[in-house]
Amino acid sequence: MPQSMARQLIDCHPTGYHTLDRKKLEAAILALYESAQAATANADAILNANLIRDMTDCLRSCLDAADVAETAAKVLSRATGYDPSITGPVLAAAAATLERCGEECARHASMHMHCRLCAETCRAGAKAVREMLDVVKG
Amino acid sequence: MPQSMARQLIDCHPTGYHTLDRKKLEAAILALYESAQAATANADAILNANLIRDMTDCLRSCLDAADVAETAAKVLSRATGYDPSITGPVLAAAAATLERCGEECARHASMHMHCRLCAETCRAGAKAVREMLDVVKG
Amino acid sequence: MPQSMARQLIDCHPTGYHTLDRKKLEAAILALYESAQAATANADAILNANLIRDMTDCLRSCLDAADVAETAAKVLSRATGYDPSITGPVLAAAAATLERCGEECARHASMHMHCRLCAETCRAGAKAVREMLDVVKG
Amino acid sequence: MPQSMARQLIDCHPTGYHTLDRKKLEAAILALYESAQAATANADAILNANLIRDMTDCLRSCLDAADVAETAAKVLSRATGYDPSITGPVLAAAAATLERCGEECARHASMHMHCRLCAETCRAGAKAVREMLDVVKG
């Protein structure tokens, strides 16, 4: 398997990403972008679903997930002036938001394939973020 | 003073923003966008400062502040399916990020007017967010 | 009227914002952030409207407007290495997106106050962006 | 090769992504997120490079690329109310921004591996976006 571009950029950073586990860092960054995309696409798909009135909470949680995941991915992609007292709360917010989105989408998973896919992606994203959070908290 | 557009939209939301204090909600949303803009502009100004090598941590904290503040502003602007267990951590991350940005910028305030202005804005933003966070935590 | 923080930061930028009209620059930046907020809040309000099935295009145009306006505001907030061949297309995309959002929201303005407010804001935003675009194109 | 989550979500969208070429759509979405991540990481890496004063234009072009690519990825991820008069200018802005970032980074490619990687990624991103733009323009 070829290395991801994210991992290659981690590996050639001038100062390095401190003592952070690079494999978990790479996994969290990629999972956050994948979750952001899935949540954006699912929010759009829900707009066209027949049960839109029952899915407003789900749609809102997708919009939050997309925004928070993208921001966490950018914060994690930076190594300069690393400060766990910033990275920690940002990852905690991302984990909570992705977990809620996963939960909301899972409620509609049997009816809508796009919700099932988004639930899977956000739950995997939350898991990768929680593992990274353990590293950050040391 | 005319009402802000943010406040007018809060006041005509179909379901309302729950029991949240609308004045503090408006203040937090506006302060978050103002902080995001100031941090974006200050990051750019720092690029041209003579002391760039001493200011890398400051620049990075501005980029984080812009991203996290914007995301928190969007989460706060949504009322559907309000969940304090999401809004809380998102606001906590924003407060921490803005406080650090304010602190980093304040270190250069006597030398660079743009850092002084950004420090003021981010500290006011953090204060508005902390007040909103007290409301959310109930 | 006190000067906006955006204008104060424009005025103390180390290299200046080139020969760009500062008043129009300030107006465009502030209008873009206001449009981004209004479109975010209106997308959420629409979720709760009774006519959601007729308003899916409107909701989607609000999400696009929020994303594109925010990005254009950030690009405009930077002066370093200014390049009209980048700023131009970014502003053109923002103007088109805000105009469409204004048009979609205006169709529901008589029924929903939040759509009326969003239509006004996005149209004013598009106007400020078009004026800035004339400056950029020289 | 397993299908990307982006492609799986395209394939199960309730209304479909119109007559757009799904393979090119998937390629453009993934390339835009990869470019956004690479540009974010490279901007951070540049902060630590010794030649920072010569690289301010490069750093600024990375920040623009990250913002514009992310926004274009979100607009492309939506199918509801598809309008080529919006998608077109958004993709045109993304292509121009990624091309400039690729060019700026390529100037430092022999000195900095992170710039070489970012140049490659942004150029591949621009190419995928141009191919999608041809489809959108029909």
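Chains here go by letter, A, B, C and D, matching the order in which they are written, and residues are numbered from 1 within each.
Everything that follows uses one rule, which is that a contact is a pair of C-beta atoms (placed from the backbone, for glycine too) under 8 Å apart; a residue touches a chain by one contact, two chains touch by 3 or more.
All values derive from a computational prediction rather than experimental measurement.
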Seminar exercise, completed: Top of the farthest list for chain A, CA-centroid basis, is C
Exercise. When the contacting C-beta pairs are counted for B-D and for A-D, which pair yields the higher total?
Worked result: A-D
Exercise. Rounded to the nearest whole Å, what is the centre-to-centre distance of chain A and chain D, using the mean of the C-alpha atoms as each centre?
Worked result: 19
Exercise. Just how far, in Å, is the C-alpha centre of chain D from the one of chain B?
Worked result: 27
Seminar exercise, completed: Going by residue number, chain D touches two or more other chains at 44, 47-48, 56, 59-60, 63, 70, 74, 78, 80
Problem set entry | Interfacial residue positions of chain B with respect to chain D in the complex | 43-44, 47-48, 52-53, 56, 59-60, 63
For this session: Could you pull out which chain D residues touch chain C in their complex?
Result: 56-57, 59-61, 63-64, 67-68, 70-71, 74-75, 78, 80-81, 83, 85-86, 89-90, 92-93, 96-97, 100, 104
Exercise. Quick one: in the complex, what on chain D touches chain A?
Worked result: 5-6, 8-10, 12-15, 29, 33-34, 36-38, 40-42, 44-45, 47-49, 66, 70, 73-74, 77-80, 113-114, 117-118, 121
